[in-house]
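A single structure is presented below for examination.
First chain written, first letter: the chains are A, B and C, and each begins at residue 1.
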Amino acid sequence: MTAGLFTIPLWIDLLAVGIGSVQGAAFAAQFRDRRLDLLGVAIIGIATGFGGGLIRDILLGQVPLALRSNWYLPVAVAAALLGMLLQRLVHRLGVTINILDAVTIGMFGAIGTTKALALGLPVVPAVFVGSVAAVGGSILRDLLLNLPIAIMQVGSLYAVAAIVGTSTLVVLDALGVDVLIAGIVCVVVTFGVRVLAVAFHWTLPEQRHLPTGAIRIVRRPRRPGPGR
Amino acid sequence: MTAGLFTIPLWIDLLAVGIGSVQGAAFAAQFRDRRLDLLGVAIIGIATGFGGGLIRDILLGQVPLALRSNWYLPVAVAAALLGMLLQRLVHRLGVTINILDAVTIGMFGAIGTTKALALGLPVVPAVFVGSVAAVGGSILRDLLLNLPIAIMQVGSLYAVAAIVGTSTLVVLDALGVDVLIAGIVCVVVTFGVRVLAVAFHWTLPEQRHLPTGAIRIVRRPRRPGPGR
Amino acid sequence: MTAGLFTIPLWIDLLAVGIGSVQGAAFAAQFRDRRLDLLGVAIIGIATGFGGGLIRDILLGQVPLALRSNWYLPVAVAAALLGMLLQRLVHRLGVTINILDAVTIGMFGAIGTTKALALGLPVVPAVFVGSVAAVGGSILRDLLLNLPIAIMQVGSLYAVAAIVGTSTLVVLDALGVDVLIAGIVCVVVTFGVRVLAVAFHWTLPEQRHLPTGAIRIVRRPRRPGPGR
């Protein structure tokens, strides 16, 4: 396994964080009944912008990268306020932003996966950490807005794109491909899956169960499930 | 304090994770309005299966054990998909699964508590960490499904069973009992409390307050509480 | 940057934790439909009492301070049960408790910020960590109660008070002021902003967007936003 890191220049990372924050704030703007104030918008921006990176580093036992620089927080907050003010523009630019976002999750996935590999994690958890880095911000956003987690619901492949991209990365890495090339392929694959999924409405199947005949169920009064 | 760990073979740990994942997925299946897709089911399986272990290791400042092996993630995902497909069977097997689950939380509690003690935590936080390891998965499950946290509500003792079991463990440990025996007693006690609670509908009292007379309340227009 | 810590005696820290727990439990008591049992109340007390400190230490890569002593858990649980029993008294004492709480968030902010600085974090993340330490408990409380996060909504400045206080601290610290004095100023400023905000109903503006004319929006059928 490589100890190489797929890294990107700070300004690109900050740009990616900003894209996430703009989106998070514009998304939150749809929920006016939440009565978010400016701080609430800033918090959503922070969560969406680098929440995935926070979770990644906490899982890896590291002080989060975004807290080791003065840049991440102001960028996320400014981008969130911009996204709030220009929410209509952001919604009109939906396609453009989906495209930028697809690049972003590809990059976050590649950074997270190579960081996990470099710290000695096996390949399966490395894919997990990279995917969480890519989509964790959107999970945090939904938790903080008290909404169902979007990536767990039927919808155009988003987390799946990150999983496919980061899986490709670990395969290439195991084959000895240079980490820079593997990382770029990860971004391209993630981007491709995500954009094609949006274009062609690819979705995962909804949860289902085997037909009742198959397990010879006997109708009886409903019992409480094993939830508690 | 001992530095001994109560450990179990990997395959038993994975079996316990699988039991948690099956349950989590079957539980989630009740909420069809959530429109979970297969990834959503897998995420619930991961959260329920080893979410408690993730929180335990994050609290202890360690890279989570489940991320240091290639096994945990596939087992949790496969078990979740199985639980989804066979959800009716799982609900029919409610009693069996409750019993298996009671053993599981006992084991997770014993592992978590002895790990905390071995890392030098005092006894009270060690009981806390062990109990969180036992029931943290169910908390994460409810958070991700945007549901009230089941273990905080009136219901058959579940977290309480883990607290009683792990408390027994630290007492035995303080008395110099071998960690293997203390751990087994923890599993047995947790199992016993849980199963008896389900059988006899033991519950904790619901939240209440002292009768108003006792504090001579004067009726007045309701003021906002100290919530914010 | 200083490596000095603003510390307070253990008993004051425990008192602050207790105040948070009392409040959390009394707050939770308003939601009887949640059917919380005594354990649920205890969990809310723990989350509100030292949840901010837990998040602070996890972000800083440390085993949480509250888990390195036997005192925090019993104090938080006992205070929560007291807050539950005396919830009417607590609500009647709203003003007093708001005042005590304002001191508490000031102290938690000062402790968190100086701890972050001492561990080498830059000033902006140090303000972030201190503010999260101050208000993170209330975020956890709302997450666990499945409520909208109060500090993100329009309301009397609470998190803002902590941000202003901790920002003052880092400025003073950069100017070479002794950490003890800077910490005390932080507490006083946080307290002042919070109490004045409650007294005069100071709030942050609600989220808004630029007037549509400014971005020449063309009315068209609403498209889904970039949420997924």
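One rule holds for everything that comes next: contacts are C-beta pairs under 8 Å (C-beta built on N, C-alpha and C of every residue); 3 or more make two chains touch, one makes a residue touch a chain.
Everything quoted here is computed from the prediction, not taken from an experiment.
Viewed as a contact network, the protein chains are fully connected, with every chain touching every other.
Looking at which positions face the partner, chain A and chain C present mostly different ones, since fewer than half of the interface numbers are shared.
Separation between the centroids of chain A and chain C, computed from CA atoms only, is 27 Å. Under the contact definition stated at the top, the residues of chain B that touch 2 or more other chains are 58, 61, 143, 146, 151, 155. Of all residues in chain C, only 58-61, 116, 119, 121-125, 128-129, 139, 143, 146-149, 151-155, 159-160, 203-210, 212, 215, 217, 223-228 touch chain A in the complex they form. On chain A, the positions that touch chain C within their shared complex are 23, 25-30, 32, 34-41, 43-44, 54, 58, 61-64, 66-70, 72-74, 84-92, 94, 97-98, 101, 138, 143-146, 150-151, 155-156, 158.
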